[in-house]
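There are structures below to look over.
Next, two complexes with chain A in common: one pairs it with chain B, the other with chain C.
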Partner chain A sequence: MSESTVKKQVLQGNEACAVGALAAGVNFFAGYPITPSSEIAEVMSQCLPLMGGRFIQMEDEIASIAAIVGASLAGAKVMTATSGPGFSLMQENIGFAAIAEVPCVIVNVQRAGPSTGLPTQPAQADVQQARWGTHGDHAMIALAPSSVLECFTMTVDCVNLAERYRTPVVLLSDEVIGHMRESVALPAPRTYKVESRRQPEEGETEYCPYCACEGEPLPPLAAFGGEYRYHVTGLTHDARGFPTMVKEEVDRKIRGIVGKIEGCADELASYEEFMLEDADVLLFAYGSTARVAKSSVRQLRERGVRAGLLRARTIWPFSGARLEELAGQVDLVVVPEMNLGQLSLEVERVICGAADVRALGKVDGDLFTPDEIAGFTMEAVGR
Partner chain B sequence: MSEAIEVARTYLRPGKKLPTVWCGGCGLGIIMSAMLRAIAAIGVDKNKVAVVSGIGCTGRMPTYVDFNTLHTTHGRGLAFATGVKLARPELTVIAAMGDGDALAIGGNHFIHACRRNIDMTAIVANNQIYGMTGGQYSPTTPHGKRGTTAPYGNIEYAFDTTALAVGAGATFVARSSVYHAREAGLLIEKAIRHKGFSVVEIISNCHTSYGRMNKFASPVAMLEWMRDNSVSIKAAEHMDADALEGKFTRGVMVESDKPEFIQSYDEMAERVATDPAAVANVKKVIQSYDAMADRLKPENG
Partner chain C sequence: MTGEADRYEIRLSGAGGQGAMLAGKLLAAAAVYDGKNAVQTQSYGPEARGGKSKTDIVISNGEIDYPKATQVDVLLAMSQASLDEYLPSLREGGILVVDSYLVERVEHEGAIGIPFTMLALEECGRKLFANVVALGAVAELTQVVQWESLRAAVLERVPKGTESINEKALALGRQAARDTRSES
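Then we have the complex of A and B:
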């Protein structure tokens, strides 16, 4: 136990996520039961009443995200948690939060298959849904934890990013990460940053909740019930929040909500690099698959292949900067995912032919084994 | 008249371009005005009122009124309102919805809001049609009446909004019409004052869509229909089923006491705060978290 951490304990990923939310100051949670995310709601329902916060179980996931967006506008720090089927239902109001620029965090503990699929098995098949699940142009921030510790730290990050960018942020966990128990030393309080949305300056008379011109810093978000009365709508709106059909205003609004996030892609990008110094084969992975890929790298090295791992913590916005650099160094990029190639498309787009990109998909509800990824890679390098 | 001008000056948004998006003669203006008179009579600080809506003609109502206003997605107004109220219980929260918004796409949210008994007021402006999208039949279009998607007459049966609310457990349920504008305002006032979830259905006129397809010559004809085909609850007590056929009742259907959600939540929080087992369990979850232990109430140590 060092000064920067607290004493080690055995925690489940979903529990760590809930504790992370509480550590980040989340004081409102609305959710609907769904496997494999329900433990998050359970912990929140247990803790929030004792910590001055509020928990409510809504009638469905549509209502859950609606309630957190409403609570966020009333000044609360908010989160909900779900899995694929519930995430689908939430898309409508994720779009609302995106255009109305309301901070909120959605935890998606991914499970396998479209529709009901395999409720108790892991997948990474909501990667593109997280990006494009709601209609219309928008941007998205999504982080993918690979450990119980990251369920804690990344939930804190998600809350911070939601508050900073006034936007919905998705934690793309999965069944394995969510239900795994690990011995973790959580970071000590005050060793990490907790951010809250900016508030209007005292005495500000003309409060505008939205940007009035391009490139302007994101305005503060006043809470309902304070001294500023304003309008919030899912219609395209002007700086004061009122509906507009003026072409310039509409164009600025949409470019604004995309640009404020896409424009920070490199800044938001976070990677773990493993044995990349001399690598000529790159494994690109995230979430629970990345844990396996690490073992695969070791196996490949033992078999004479100079492999390395780039583990993406930030999935969206997708940053190409580091990948582009590495594409000049390696000949082959292997992208193992528990889906049929959702993020490998982004990798291909960024690398643009500079190295060979091979997608390794898995959709049987099981985790990869180190052998599977190593074997696929051996075949791809022609050995 | 001067009261109306005073209310308009106080509660309509300054600088917000009027007229509204509503058709000339639409009942929604009467409902908005009734809501504003109710708020004025109670005298709530404008900063402490939140008006939430969904989609449709009624959904536009918050745009014009000078409160904290939230125009959400179709049918979801009450779910958003739930979050607003729970995060800031000191706010007076009103959800304004049309019949399609409240009872079709938002029907699930509506019944669960009734069941939970959170201290909010739902105003259901029932014009028996989807107005904004061009007159399609709604869950309150009467059997046999026409809509643009029921060109040969509606073969479905209408919801009785207030019976639904009563069945789902709302603790204040009332109905009036835009013809009975003064009564509508008074009922909304009672609803807002009620501690718990309140529903006020106001029968309204969509002459543009419903009226045109169902042989009403004008908005006035529709208001006269409301006058001639509604009965106060008191009068209805002395009428038999035949006499009430085709008529709707007006007044307070239900006004009952049931512990309000937030009050119950806070009582539960108080109770568990002094329950050593509950406190110990929470401490176990956040055991290593001194920072959070600070946030536990002092008596929990």
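Then we have the complex of A and C:
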């Protein structure tokens, strides 16, 4: 990319994601191409070698996630990209990265499933898999872009969050956003923050990669194979990384990997608010569906319904704070999703009866139309 | 309030492999050169070739929320199957352009038929230029982008070494559209 990227250009969501990864300093990508994510691997394979990075096309998605976790431990900034079927295969090692506290970014450009499903058609049906696809107690960070610009900015955010929290982070894109081309002015280099994991202080002799006591800040992550010797395992481990069954250590470990993220849920929450000031009907949406919902809000306003949109950029950890506030203001919350009600359950949990929550699911392989969401909302308000 | 009032919707469709996607990319790029906002989305089957393939381009001076077409202002159909599938999406009074070399049945009054594939084959030597020929015609018939912007978009984005033949294809489409107009 040239230095002056502030001028408008036509870019695809997947291309913007790859450009964002490079801007955030990703220097290792291992992946297995799959529609509708392949353009990310394509751009990375062209650009990374020229920038001194590494691109490896692996034999499958299990190997892909394993390779990026290994490379990250060795000190690289890493990413892989896939879609539903590959995301399923990656789950075991996503759990490994969660417990071993290894920074990595997994882009999931969602297509309709389950299984091979509809390779070229959109869905948002991996929302709960992003949260609970791997077993055991853990927390997750997942962001959902709604535009080509956000494919860039959120990939930068994902890399930063992975490095800051030493955890796997998911960019939960979808076919519409990933394949969409739109006019976009990317932010100029150095106008956005790029974070890298902390390194041990020079002269540190007692380096431990994991927390030794409760409330301790997350330790730095020294490059494995470098100056410091430590152990990495998927077994529950102590501060030096060695397996432990000591109740206090085990409890601290699990509460630690969950708490470091869930404890920051409100801080990590990010929304776009549209026409909410006087709204008594709230549309809660994310990803490509949120773009449709915005058109629906305009339609509903024209028809005399005071509707507004709360678009969630952060899916996980799910923060209820803003929704709780709005629940006191609105009578009805409509949650359109290209699934049969995955995030609407979270909305219901938070709203807790303070407003009527209606899920609008769509699983026919197509994006909503503005009429569909507006029509459903009109019916729900009884007009 | 950002209006979507001046929203203009173009749907380019055909069989996979005919190049509707590339034509859509070029049109969106041209609109951005004109200083407008543009969004291009696509829909196709799992096949590498064949099947139905379409791309929607939405052009507006304002913000574009809904990225797909709903009330198509101009529909290009490069195959019978795509015409049959997407004709209902054309708004009343919208423009229909078909490749008359490949599309046999057109049940729509005022449809504009131009044999894009034949023109590409005869004048440019290969069928694969049909998409750019069609793009030239669509641009001429709609005036949705400035010709110079479209020309620049084509020249910048086609494979190196094919600039002049693509430019020829584009101009061929424009002339064919003009001829059709003067006939009617």
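One rule holds in what follows: the second predicted complex is superposed on the first by the 377 of 383 C-alpha atoms of A that agree within 3 Å, B and C clash if a C-alpha of one lies under 4 Å from a C-alpha of the other, contacts with A are read in each partner's own complex, and residues count from 1 in each chain.
Here, contacts are C-beta pairs under 8 Å (C-beta built on N, C-alpha and C of every residue); 3 or more make two chains touch, one makes a residue touch a chain.
Quantities reported herein were computed from a predicted structural model and do not represent experimental measurements.
In the overlay built on the shared chain, the residue A:Phe96 is in contact with chain B alone; chain C does not reach it. With both structures placed on the common chain, the touch criterion links A:His179 to chain C but leaves chain B unconnected. With both structures placed on the common chain, the touch criterion links A:Pro370 to chain C but leaves chain B unconnected. Applying the stated contact rule after C-alpha superposition, one finds that A:Gln9 touches each of chain B and chain C. Contact comparison for chain A: of chain B and chain C, B touches the greater number of residues. Once the two complexes are overlaid on the shared chain, A:Thr191 sits clear of chain B and of chain C alike. Within the superposed three-chain model, A:Ala74 lies in touch with chain B and out of touch with chain C [touch as defined at top].
Common to the chain B and chain C contact sets on chain A are residues 9.
Put simply, chain A touches chain B in their complex at residues 6-7, 9, 15, 18-19, 22-23, 28, 30, 43, 46-47, 49-52, 54, 56, 58-60, 62-64, 66-76, 78, 92-93, 96, 186, 189-190, 223-227, 229-235, 242-243.
Note for the complex: chain C touches chain A at residues 4, 25, 28-29, 31-32, 36-46, 64-68, 70. On chain A, the positions that touch chain C within their shared complex are 8-10, 35, 118-121, 176, 179-183, 288, 291-292, 294-295, 298, 367, 369-371. Of all the residues in chain B, the ones that touch chain A in their complex are 13, 16, 46-48, 50, 52, 62-63, 66-73, 76, 79-88, 90-91, 108-109, 112, 265, 268-269, 272-273, 278-279, 281-282, 285-292, 295-297, 300.
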